[in-house]
Every structure is written in structure tokens, then in C-alpha cells.
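In what comes next, chain A is part of two complexes: it sits with chain B in the first one and with chain C in the second one.
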Partner chain A sequence: MASIRNRHLGLIYVAPALIFVIAFVLYPLGQLVYLSLTDTSLLGGGEWVGLENYEKAFADKSFWRALWFTVKYTVVITPILMGLGFALALLTSNNSPLRLFTRATIFLPVVIGLGTSSLLWYWLLDQQVGLFNKILLDLHLVEEMPVWFTKADPALAAVIISVTWKVIGFGMILFVAAIQSINSEVLEAAIIDGANYWQRVWKIIIPLSMRTLLLATLISAIGSMLAFDQFYIMTGGNPRGQTFTSVYWIYQNSFISFKLGYGAALSIILTAIILFFSAIQVFLSNRSGTE
Partner chain B sequence: MSAISQKSAPMARAQRYLIGAVCVLVITLMLGPIALSFFASIKTPAEASASPPNYLPQSLSTENYQKVIDYQAGLFTYASNSFLVAGMAIVLCLVLAVPAGYGLARFRLPGKEVIFVLLLAPLMIPYQAILTPIYLNFSKIGLANSHLGLAIVHAVLQLPFSIYLMRNAFEAIPREIEEAALIDGATSLQVLRRIFLPLVIPGVVTVMLFTFINSWNEFLAALIFMNKESSFTVPIMLVSVRTGRLGAVDWGALQAGVIVSILPCILIYVLLQKYYVSGFLNGAVK
Partner chain C sequence: MTMPLLGRMALALSLSAAAFAPVSASAATLSLWARASSSNAAQHMVDLWNESHDDKVELTTIPDNQMVTKLATSVQAGDVPDLISFDLIFMPDFMKAGFLTDLTATLGADPNQEKVAQAFKDLATYDGKLFGTGFTPDVSILLYNKDLFTAAGLDPEKPPTTIAELQDYAAKIHATDPDNISGYYFSGSCGGCNIFTQAPMMWGSGATLLPAGPDTPVMEGPGVVEVLTMLKDMWDAGIIPESAESDTGANFTATFETGTVGMQGSGGFAISSLKANHPEMNFGIAPLPGIKDGDQSSFVGGDVIAIPTGAKNPDLATSFITWSLTDEAQLEGLAKNLILPVRTDLADNQYFQAEPRYITTAEAVAIGQTPYAFHFNDMVNADQSPWLTMIQTAVFDGDVEGAIEGARETMLEIAAD
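Here is the complex of A and B:
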């Protein structure tokens, strides 16, 4: 067959996609590097300034605060999403009708837009008209109405609650697949050996789901490091600019203050951070493909 | 040892009830926000903005929906914009990913690994970072503030997943089918069109599904690229509904807008859940 398979014939089929990626991803990436070395603004400019933008970035307290806030958001929400997602996967991994339905409803918000769900929760958590606080009060879970958006920490908590609702199904569905792919003979053998449920979870299910757990954690953490929609809609970066994320701060500099060159430098720094994690992710996924 | 694993019957039953109760609680937590939003959307505008709020509407009204339908350029315009962008993104993705998947799965390419890594580049480089140069390029060639421009960005986002999925779909087809056709003298393009395409339809459907949902929901690029009111997509319209007049939020209209914007997604999810979930598992982990 190899004689019929002209090597270059295959290239023709791959070429359009390749050209598309080069034109709309790799070439812009090169331009981004160049932009970051100029003082381009949406209003003009474009003089070469060398590393000035980077020097400015490293001294820019607001940028570091935004980056730090993004890390904080990621470090808090990732274990919640993974832990709760895994617990829900354990709860629903049996295919009984009730559990199938539970699983389907947990996954439902994953198909809703993050922008839309943020607007929904922005309303639910509103001080005047929102029902979230009313529910907390009516169920006697709190004595006094919590105030969500006037301080940075409660605002972060509010966003985390809303995003958890929106994406908890993501991890869960991956974990359900991992749990269901575990050989049932292994679990049966453990039962015969007298291992109780939690022993099976700790000694068999979790170790055998480790690769999925790791991958899901990476995917989820990368997503959180690039958070924008939920903060743009729910907090607007407030109070006093304390809830700007990295992407939000880049957006603010590039498209609100028109400082495209400076925004490009910040983008390069962020890309470098993300690239590190996504390279690990791609490496891990590719390895699993050959196993 | 058997005492540990064998529970008495009443205890097993209690455990079943407990798990059932937890399931019902989880279902309530997941569906609750959508239900409350729907109830708010069918309240009268005054009641929807009342403080303290009611859980259930005291009187029904379609006024909030009417407001969303009549909002600025009209809901029809914004929904059309969203459908148009998603449609173009779907076409772009298929036109690029189907041949690419075929090429990767069925040919010995020189430098295959390098090509594959290049095609996965959009996965590793956050699109949030390269929106500025793309925006500047599009401004030069008249694609800024155009639906085609936004569709291109959405296609970029969806391309690695689509190629990956199509490659797997093509790889799953047995060699014999292809060889028989080639011996009959068919060209590789004929093999693709007549023999392979019908076999990879599930993959094509999955690509369409994901591209639609992700394009319909995408926010940042739409926010940056679409700066003319009449070319907004639905998510951007929603944010603009919230801002409202004179800074007062129109809560009823906002919830009506939320319901309208999640409706297509939920419809697709309910109707094509199997495709969606299996595609999701294929793309994310493997």
C-alpha cells in the first residue's frame, strides 16, 4: 500500500488546517512578541521601546496583584472542583435511574455559557432582589444577610460558588468515566478480602483514577488561571480593583486604556506561565494515547 | 472479616435512603438556580425587581420576554448574529478538521509529530493573549467587528479538539474497507467522500455540537471584536441588558434574557446528550 500512499498527498489534506493555525495563532503570537517591544496604542504610536514594557510590568503593583489574585482564585477553587467533583462521581457512578438522572443534572450547567451563568448568579446573590440570601435566612443557615460584593474575599467566595455550580459536572463526568473503567474483578476481589467501601475508594479507586485526576486538575487550573467572564460580570474588578484577574487586567490595559504594547507584554508573561502547565497537560495526554 | 462487608438488611436500606436523599438534594441544588431564574422571568417587571423578593411569581407576565425581544436592535438580530457566527465557525471547523483528521490518520506524513504539535498549538497558547494582534490584523483587512472575524476566532478555539476527534474517527475505520476501494482504482479524495465520510458522521455531529455550544457561549472575543450594537451576539446583549438605563438593572428582563440564552444549549444537551458526553470524554482526557 505504501506505493499508493504518496507522502505528499497526506500533506495536502493537512495543509489547510496547518495554514489556518499558522495564520491565526502562530503568526499573531509572533506579532504579540513584537508588539510587546513597542509602545503601540489603539490610538497610534508603535515606536520600538525595547524591554521597557517588561520593566514596567515587573514594577507594576496592579499587575502583580491581579496575577496573585488569579493564583489565589485557582488555588482555592481547584481543590473544591476536584474534590467535590470526585465525591459526586462516587455518588453517581452506578447506573441506577436516580443516579443517572442526578449525573445528568450535575452536568447540565456545563453546557450553559459562563457569561450567562455569571449573570444568573449576579442576580441570585444580589443584596436587594437576590434569592440566595433569602434561602440562607429562611433555612436558618445564617443569622444575618451576608454581603457579597463590597469586600474582596466575599466577592471571591461568591464567584467561586457560582463557578462551582457551573463547572462541577466537568470533573465529575471525567471521574465517572475513570471509575467505570476500573476492572470490576479488582473491586470484587477486594470485597472478598473484606475491604470496606472507603478502603476500596482509598486503596483502589483513587490510585487507579490518578491519571484522570491529574489531567482534570491541570485542565481545570489552566482554565481558572485564564478566568475573565465571571469576574468581568460579577465583580467588575471591584471593590477598588481588588478582584481583577490577569486576563481582566490585560483586557483593561489593552482595550479600555488602549495600551496595546503594554498589554502585549503582560500577555507574553501570562502565556509563558500557561504554556508551562499546558505542555505538561499535552505531554500527559499523549502518553496515555500510546499506552 | 465478613462482618465488615456484610451489613444487616435494615442498615443497607437506611444507606440506600441516605444516598437517595443526597441525590435529591444535589438535583435541587443544580436545577434550583435555573428554576428560580425562570420563575423570575415570568414575574411582572415590578415584582421581579421587588425587595425582598418572592420565590414564586404572584402573577404571571410575559412582559420581561417582550422587553428582551424588543431590546435595542431586537432579540431576533442578536440571536441571528449568534447563529450566523456559530454556523460559520462550524463550517470552518469541518472544512479544516475533516481533511486534517483524514490526513493524520490515513497517510504517512513527513514530520507527523511536528505537524500534530503545531495543530495543537491553539490548545497551549491561550487565545486571550493573542486577541490583540488578531484584532489589529482584522482591522486592517476589514474583519474587525465582522461576524466572519469572530467565527474565525471561534474556529481557532475549537480546531484542536475537532482535529483530534476526526483523527480518531478515521483511525477507527478498518484498513480493509479502504484497500478494497483503492484496488478498484478510486483516488484518495473519492475514498474520503464516498467511503469514509458516511462512517465518520458521528464525529462530524460531535464537532458541530461542540462548536455550536462554545461559539454560542463565547464571551471575551465577542466583547472585544463586536463593538457595534447591532452586531452583538447574545452574551454581549445580555451584559448590555443588565447595564440598563440610568444604571438601574432591569432584573426581570435580565432573567428572561438568561433563559433565552440557555435554551438552545439545554435543548441540544437534552436531545443529544449521548453525543455530547461521549465527545466530551474523548476530547478532554484521551
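Here is the complex of A and C:
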């Protein structure tokens, strides 16, 4: 009898969270699934079409090309963000005034909106009016003003430069927190045992920061798989649609072509793919934690 | 009987509130949604109306790319504004979807509606009914740098009147300093910018561009091939800067402002923008040329005004629309603020006399067109639209015929959808 009462009490405690999840996650997700099974347009309609949108999506070369491009972007940018973020954290983890100032400076772009920073970098990298190009030219690093957005690879590089500048500070702060939480006695013991700096990094700091590293990698990879703003503003999907990301393609279908039903189906497919890979990553993370 | 303290306070408050209540008990407040890029013009009209009417209009600015979503969801939710001002190219889709109120009875009987630019009348008609009218127009024009014309030995008062002249002049301007000066510029990755500035050069020569339906002509006429070939030749010759290929429209105005571009298709809005931000720049305005002298044309853009289906004050909203077409609104609300009037009979007005460049743009409204097409976004504005793909394939890849054929095929598929 008491256990039933406890169960009811527990249910009451979790009810607010449960209601929140049902109202803001499960119900919209259900609606999205329903929408994906109709031919709803932003201009009206909404006939039931079953799995037609999914069949169309699997035959939509542009979507798969966009997905492949998104994966490529994620695979390239994630190690940069993690590696560089961790390196910066190693350099600035001690709380000296200069390091605190450096940390604050690197973290500053994190508080700027992604759209704003993308527009800023779009103009900095412009052939005609770009300051970044002018600096490269004046330093004789290039012979003529480079055009970043006419080819897919330089365009991707330009976006990666801008996003790295924008978000590197976030990873750095997480890693600084992880490094600072390592018991100083462990590091001191290693020094007494004769471990040099790199040995301490490889054998102590990285293993003891691994959970944070894996969590940050997961967050970063999911964020990159959902990339939209930076490509919308900086490349517009160009050249010739080669820099469309999955979300950008979903946006195009839903809000430019008004095909909400089809856009919903693409969203479900993307969600499933991200869920699948996130699950693998969480599994690996847990295993590494256990070990 | 003694009134309790709280009761007396409530009475006093309600009496003082009554003292400050509006004079007219029946005065209403109309809501007007306008897209961001035309909200400045809309605000002038709203201010003028509010000065002289008991019923007020309240303007809400909606980001350009959210207007379709906002209107669609508000109609479906039954909570619409009284008036809406949006890009006229969406008219066919909105009228067909049943989003707008039929205004045939009122506007059909309004003599001022007769004087509205034809493009607005065409775009606001569906199934023989009128669903709106012009509100804040803009037109495409050719913008040219007079100093660069002079440096190239060209007469700065004689802009090109044919596309052959345009190409010739651009080559001469570029030749003055090939490393730093471009003869011509266009935003090569912006569908909307190019329908605005390149399409008039095509249809000025009689071309039909976008299909009104699945069985109508599309990308037909010599203007299409000629203009694309001209752009391709200029691109191949390096007259157009490399950055044009990737410009999504973000540099639509910025590049000309650097003073290194001879000519560019632009909009009437560029006049006030250049005058304000670059008063030192010596620039001219001309109609966009066609194949032959006299083929000049323009794209009439800007906003229409309409009443969404289910609006709560349709009669008052209709009054605002008919008022917006009066001499007072057109001259004091728009022209006085150096904004084009929608009525072609008011193109030459006292406010534009001091700046003849405004008269050129106002006259362009009369000769301009706007394509009547459903799925305009799909066909033109989308980042991989057939219109944009055609321009990119023709100009940057050099396959003019293949580009036109590809666009034709995709546009007809979209029109049949």
C-alpha cells in the first residue's frame, strides 16, 4: 500500500516534466509524423498520401547529396573544434590574468548570433570588399584576391573558418572546466614520478577528461548535422547546390516550395539518422566510461 | 449609505479613465502587416492616415522571408490582420489559395484604380476578380557610374539603349583598368535579383519567360538567348568580376558602392541609398535596355495591399486601401518621401522635380511588367531554382542552349504540380 502511494507521489513529482515533454516534444513529434504522411502545403491542402513522401525522399538525389555534404562537413569540422578547443584549454587552463583574458577573448564570439557572425565573415571574405582577403594580399600570402564561394571546397573551408571562430570558445570552456576538475595531486604525483608535460597530457589529462570530450563531441556533431544558418547566409547552397545541408534542403522544400508534408518526411528521416549515430556514440561513451 | 474605501477608489479610477477615453467611441484600430523591406514606405502611409482619421492603423513589420508562413498560418488559425502588404509576386499563389478577400466591387468602381500601374492590376487579378492593388512599388533600372563612363571616353549622359551597346560600354570601362574596374555586375547566385534585373532585358525584346500554366510558353523569344549570351561573353572576357558567381544577393548593392563597377541592374531604391551613403558618387539611372533601341523595360516589384480572408474590419480596411490610391496619399505619403507612387499619372510630380532620376524610375513603372506565375518561389527564388540554374549554367558554364532547355523542362514540371 505504501509502495503504491510512493509511486503516485513519484508520478506527481515528475508530472510537470512529463507534461512539458508531452506538450513540447511528443505532441509536436506526433504532428510531424502525421504531417509527413500528408501532402500538406503552406498554402493549404493536406490529403493523406501514406508513405508517398518517404518514397519520394528516398529517390530525391538532392536530399542525399545534401546529407552527404552535411556528413562531410561534420566529419571535417568536429575534430577541428574538439582538437583546437582542447589545445586552447590546455594553454589557458591555469587562472593567471593573461590566460583569463585570453579565455575571455576566445569565448567572446560564442555570445554573437550565428547568423550575425556568418554575415560578418561573408563580407570579410568577399572578393570585392573583404578585409580578410585584403590582409592575405597585403601579407603576400596570395597573389590575387581569392574568391571563396565559387567552388564547393573553398566555400566549405570559408564556412569552417567562420564557425570555428564563432564556437571554438564553447568547447574550450568545457575542456577548461574538465581540466581544472582533475585533482592537482594526481598531476603533482606524475611530475614527481618524472612524467614530462606531454606524458601528463596523454596519460592523465586526456583520460580524465574523456567523458567531457565525448559529450562535447556528441553535442558538436549533432549541431553540425543540423547546420543551416551559416550555409544559408554564406553560400546560399551554391555553387550549383553543392553546399546544401540537409536542414537547408528541408527548409527549401518546406518554406520556399511550400511543401510542408514532404519537408516533414525529410525531417523524420534526418532525425532517425541522427538518433542512430547519437545512440552509437552514447553507447561508446558509456563503454569508455565503464572501462 | 457609506461607500467602502475600495469602492470609492474604483469609481474614481473608472471616472478618470473615462475622461481620457477616445473622443469617438466607435474608433477602431486596424492592424497592417508589412514586410520589412517595404515597411519604411508603409510607415509613411500609416502616419499620414493616422494624422487625419479617428480610426487608426497600426503597422507590424514582418521579416521578408516569414511573410508567407505568417499569412498562411494566420489564415488557417482564423487570426489575421486587417490589412497585409506583401511582395506582389506572391499574389497569384495567395489568390488561388483563397487567402485574400475579393475587392472587385470596391476597386472596380474606384477611378484611381484605373491609373494604377498595369503590372499591379494584372498581378492582383485571379479568375476575373480583383483581390488587391499596388501599395509601395519599386522598379528595376540600370545604374551606371558616370565617372567611369567619362574615364572610358563615353558620354555620361548617354547610357546604353541596347544590350549590344551595354556590352560595348562595359568592355570599354573594364579596359580602362582591367585589374580593378569591372564593366558590369550582377549577383550570380541570386534568383530574385536576376529576375528583377536581367529578365526585363529579355522580355523587353518580346520574350515570354515563366509559364502561367503547364501548357503555356516558357523561355521563348530571342531576348532569352541574346541576353544570356551577352552575359556569358562579358563573363568570359573578365568584364564581370569573379565574385559575381557566388553573390547570393548580399552584395547586390555593396559592389556598385565601391565605385569599381561601370553598370549594374538595380532598383529605384538605390537612388536614395546612394545619395545618403555615397553623396560623392556621380551615378546615373536609365531604363534596362533590350535587343533594339526602344525595347526598354523594367520589372515592377514592390508590394501590393490586400485584405486577408477573415479580417475583422473589412469595410474600414477597404477604406484604407481606396484612400491609399488618392492624390493625397500618393503624393504626401509616398512622393514627398521620395518613394514611387503606384499611380502612373503621378510619376511627374512636384517632389520629383528636383531629382530627375526619380522621374526615370517612376516612368519605368508604366513600361514595366511582372510575371504572372504560380509557384514563383519554386521557379525563381529557390536557391536551386530552374531560373537561377539556367543563368548559372549559361553564363558560368557556357551552355546557353542547354541551360534554356533545362529551365523550360523543370519550369513546366513545377507549373504542372
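Details
To be clear about the criterion, the second predicted complex is superposed on the first by the 251 of 291 C-alpha atoms of A that agree within 3 Å, B and C clash if a C-alpha of one lies under 4 Å from a C-alpha of the other, contacts with A are read in each partner's own complex, and residues count from 1 in each chain.
The working rule: a residue touches a chain if its C-beta (ideal position, glycine included) is under 8 Å from a C-beta of that chain, and two chains touch if they have at least 3 such contacts.
This is a predicted model, so every value here is computed, not measured.
Of the two partner chains, neither chain B nor chain C is touched by A:86.
Once the two complexes are laid over each other on the shared chain, residue contacts for A:229 go to chain B alone; chain C is not touched. In the superposition on chain A, A:241 contacts chain C only, with no contact to chain B. In the superposition on chain A, A:129 makes contact with both chain B and chain C. Of the two partner chains placed by superposition, only chain C is touched by A:252; chain B is not. Contacts of A:106 after superposition: chain B is touched, whereas chain C is not reached. By the touch criterion stated above, A:43 is placed in contact with chain C alone, chain B being left untouched.
In the superposition on chain A, contact is made by A:62 with chain C only, not with chain B. Look at A:119: by the touch rule set out above, it reaches both chain B and chain C.
Among chain B and chain C, the chain that touches a larger number of residues in chain A is B.
Shared contact residues of chain A, touching chain B in one structure and chain C in the other: 119, 122-123, 126, 128-129, 233, 255. Here chain A touches chain C in the complex through residues 42-44, 62, 119, 122-123, 126-129, 147-150, 155, 233, 235-241, 244, 248, 252, 255-258, going by the rule given at the top. Those residues of chain A that touch chain B in the shared complex are 1-2, 4-5, 7, 9-14, 16-18, 20-22, 24-26, 28-29, 31-32, 35, 88, 91-92, 98-99, 101-102, 104-109, 111-116, 119-124, 126, 128-131, 134, 165, 170, 173-174, 177-178, 191, 193-196, 212, 215-216, 219, 226, 228-229, 232-233, 247, 250-251, 254-255, 260, 263-264, 267-268, 270-271, 274-275, 278-279, 282, 285, 288-289.
Of all the residues in chain B, the ones that touch chain A in their complex are 1-2, 4-5, 19-20, 22-23, 26-27, 29-31, 33-34, 36-37, 40, 48-53, 55, 92, 95-97, 99-100, 102-104, 106-110, 115, 117-130, 132-134, 136-137, 152-153, 155-156, 159, 163, 179, 182, 188, 213, 216-220, 223-224, 235, 238-239, 242, 251, 254-255, 257-258, 261-262, 265-266, 268-269, 273, 276-277, 280-281, 284-286.
Those residues of chain C whose C-beta lies close enough to touch chain A in the complex are 65, 68-69, 72, 76, 93-94, 96-99, 189-190, 241-243, 245-246, 248-251, 254-255, 258, 260, 375, 377-378, 381-384, 389, 392.
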